[in-house]
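Shared chain: subunit A. Partners: subunit B in the first complex, subunit C in the second.
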Partner chain A sequence: MKSKSFYSTQGSIWKSTLLTFPMILLILLFVAGGRPDLSTPEKSIAFLVTFVFLTALFFLILYTGKTDRYRAAGFITLALFFALTFIVNLIRERGAMTFNQENMLACEIPFCHIVTTMIIIPALITKSIIFPGSIIGGFAAIASMLVIVIGVSLALGRGFCSWGCFYGGWDDGTSRIMRKPKIKKINPVFRWISFAVLLIVALISAVALNPVYCDWLCPFKTVTEFEKITSFTVLMKTVVFVSLFAALVIILPVLTGKRIQCTTLCPMGALMALTNKINAFDVRINKNVCNNCENCVKACPTLSLSKEDMAAGRPSITCMKCGKCIDTCTKHAILYHIKGTPVDRNFSLARNLFLYPAYLLLVIFLGGPMQTGIILFMNLIKTGHLIN
Partner chain B sequence: MNYSAGFVLGLSTGVVCLAYCGPVIVPYLMGEGNTIYKNAGSVSLFLTGRLMAYIMVGLLAGIVGKTLLQPSSLKTVLMGILYMLLSVLLIIYGFHRFREICLGRSHLPVKKSYARRWPFIVPLAGGFATGLNICPPFLLAITGAMETGDIARSAWFFIMFFLGTAIYFIPLPFIGFFRKQAALRIIGKFAAILAGIIYLYKGIIMII
Partner chain C sequence: MKMAELPFMKVHPIYSGGELNREYKKDSLIIRVNNPVDATLFGGGNQVVQVTFSRKGQLPGLIDQTIDYNFDNHPDFKVTINTISGETNLIPIDKTVESLWLSSKVKEDWVIRVNLER
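Presenting the complex of A and B:
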């Protein structure tokens, strides 16, 4: 079998174009609501750039047979544009990235998916949501985020962490900065830390009736919003989350080439990992083809592959389905797979069926922030100010 | 510390109990080869043994707390220091591989003749022995119970601690659950480190 045309779409412009066409329609639907807003030159340019970017990435995934390379481009772009547009929106609305007691009392804090891990037990016990956000309506309402989390869990499992999470692109990006990582040997047991974090934060939040991870630990407050420093305790919290951002999102990913924050600290990742068991897609190793070179073990950014996992023919439950191991394997021994089907057959179909929902998730989350971000940059060029 | 804190302490450290002292009951269940229904009965007896041990320790901790700690003017500072020491122990415990002094670990302290005559005594005694597992989470629970300064409340604290840890034993009748024991052990260790950090913070706050 020729390596160049392992997948049915690989190297074939016609097949790749044909399979990209449904995604073009979906991009039009989700990015522009089916009717692009071309009322101003800025909006037209923003839409066109976003549309071309998203379409080109999907086409390249199909045409080249490389998943992670182009997924990462979209995923990192998502993290950067999300942070930019979120911060600009906060400054427009509140005048600062910080929030205070008044904002909390008015339930104005946007709900992020990670909070889900901390509200389940208190919701069962107290029948209330321990988060100062809006249940329905408004930006990032709790109900809408919960629907997304449940839907994505069923469709992709922990694939969310590599295709839809608007934070994951940060350490995905920093982990790619150095071509050869300084720290090469990392014990795969560290992949279990996030489960301990999930256990502890879920329990402590239930007792304290306070989302402790958001309050104390979340490193991504550095690039979104955080509490205004009014006391020594808040200062301590600020030191903790900024330090965690520096260590887990920047320094360690750069040194190790791994997504350290996603692998070790994110409780949502641990919860999503459990849902890997109940959705149709997984990643499997064709042991008949594998030559045990262990390049996939070295490449896996989430420590989800070890020698034991290779022997078992599948990555650990913590796999984020990013496709990096698949791209790395020169023997095409690692594949996207539909549970209940043979590993060595229909691999092109399995890959394509996985790519549609996974990429659509990226489109849904990236479309809006990217268009807004491009408009902001054009304003910056025209007026010299990012925010009017 | 209140009763819910005992429950949460049990929940957060119960993985460790399951991963280390669970093997005492698991070989018994596997050796007996009973149905899930009968296994559930054995696990219930095992947990009853643990509960008895916990109530006993809870009462003793309450007596110590009431007679020695409560009258002291330095109670808060003493408790703070105790929390800090134990949380450091919990963190060290999380990082290092050493065997706990689990009384039921190596063998069940019941002669075979008694076991044949009263089959219920094996899981019951095993539960009692493992209930006296001198591991850092257990010591931390003793500290929490002593802090209550009351014998009855101390016993209640341990009952809640028992309930927290007992949740992890519910899947035991479905023995296949233990295939992932190695991962559970690691998660338990990491959870112990995180719990240690939280209690270290609590100890520091008590002293400040």
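Presenting the complex of A and C:
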């Protein structure tokens, strides 16, 4: 048996710097299009802060060998800046966070990745998309979001839910508020609820030709956009999604330390979990090193690890590849892994090969909103107004 | 973007409003009546028809029109729209007309969608 330090992925300062260099080029390419806009002091500061933040996080992931700690910092920042810039954009374009019948009739509703779960069956049968958005052009067009979803599914599987989803950072953040959760024992069977949600919303949406999850359930409408209250039905919808946001995104994650909304309600998470099967990367437990302390079971934010999963040497299909179990394991028995390769060899290579596309996804989603958000905050300090 | 050219990459007519059937002028209004679209997954059930009212310049304060959506020379419904308040009143004439689904200003036009029963 090899010593535990053998399995550590902590890097030397030189190796970490060298491995960060390709990511610096990718950050420059995706955050600034290869040529940073330094035309105003605000834009220069926004770019520099974003660039340094993203570079530093990646370097720290490599240098410390800790994945989740620094991933979460970027991921939670993504959720906050995305919500801020999305809302500001809506207020500038429409004058409000709400949309109305005119926006729906004009097919101007932004398309988010979660809608994908509800359009599949009608797309196969009617050869069309049941959503009042635009196919191409405009903000969050359907075609561009579908390209992202398909590409990320192939590259990362459900890794999307911990590295790219601009909603996931909300309950990732709230689940970290209490150091010791109040509710400690949660039956791992709850991790299958999102699959039931996926099945139900996919079928009802197809029959009703209406994306019912978006219409009634999506808690993240609270921090993005929602229908203007013009009737009792719309009022009921509002009560439902705001209640779900309060319960599943704030209260239960705080009490349990788990990402409850992502684990139990999100149909996209369930669909992405299925793509874990066709993805090259997974997380594995090296049973030769594991001492069955079960710290990983307690740490997993999505109930993807149970005693049975430990015995099988891998988390369940619901794993989001966040790296929290890997960071928690004092024996370095849990590793990022490339399917078809031995678990106890090339683990640093497997981790690095996973980290580049995963972190790049975070860079792509966070780069724009973070720069815009910093400019908004500077405007707020200068003028006292967030929106000019 | 190549993906946008794929056959299924179009918005379902229940959201886009369907294809234009006929456009005509009446009482200084340009009235566009679209083909009825299926409101169910496999068709055969209820339908929805979209009618758009527009005018060169500003819309009148009151639109009061009788519509023959299937062009069988028999009026199907009467619609009254207060374009200031948005208040819309639909009176079915033909038995296939069920109720008003949506009524809203869209850019410079006014659009209504009407539920039909087969």
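Throughout what follows, the second predicted complex is superposed on the first by the 378 of 388 C-alpha atoms of A that agree within 3 Å, B and C clash if a C-alpha of one lies under 4 Å from a C-alpha of the other, contacts with A are read in each partner's own complex, and residues count from 1 in each chain.
In the analysis below, a residue touches a chain if its C-beta (ideal position, glycine included) is under 8 Å from a C-beta of that chain, and two chains touch if they have at least 3 such contacts.
Everything quoted here is computed from the prediction, not taken from an experiment.
When both complexes are superposed on subunit A, subunit B and subunit C end up sitting side by side without clashing.
In the superposition on chain A, contact is made by A:195 with subunit B only, not with subunit C.
In the superposition on chain A, contact of A:207 is made with both subunit B and subunit C.
An angle of 60 degrees, to the nearest 10, separates subunit B from subunit C at the C-alpha centre of subunit A in the overlay. With both complexes placed on chain A, subunit A has more residues touched by C than by the other of subunit B and subunit C.
In the superposed pair of complexes, A:91 makes contact with neither subunit B nor subunit C. Contacts of A:235 after superposition: neither subunit B nor subunit C is touched.
When the shared chain is aligned, no partner comes close enough to touch A:246: not subunit B, not subunit C. In the composite built from the two structures, the nearest CA pair linking subunit B and subunit C is 8 Å apart. Overlap of the subunit B and subunit C interfaces on subunit A comprises residues 206-207. Taken together, the subunit A residues at the contact with subunit C in this complex read 100-102, 104-107, 121-136, 142-144, 146-147, 206-207, 209.
Within the complex, the subunit A residues that touch subunit B are 189, 192-193, 195-197, 199-200, 203-204, 206-207.
Contacts from subunit B toward subunit A in the complex involve residues 4-5, 8, 11-12, 15, 183, 186-191, 193-195, 198. By the touch criterion given at the top, residues 1, 3-4, 7-17, 39-42, 102-107, 111, 113 of subunit C touch subunit A in their complex.
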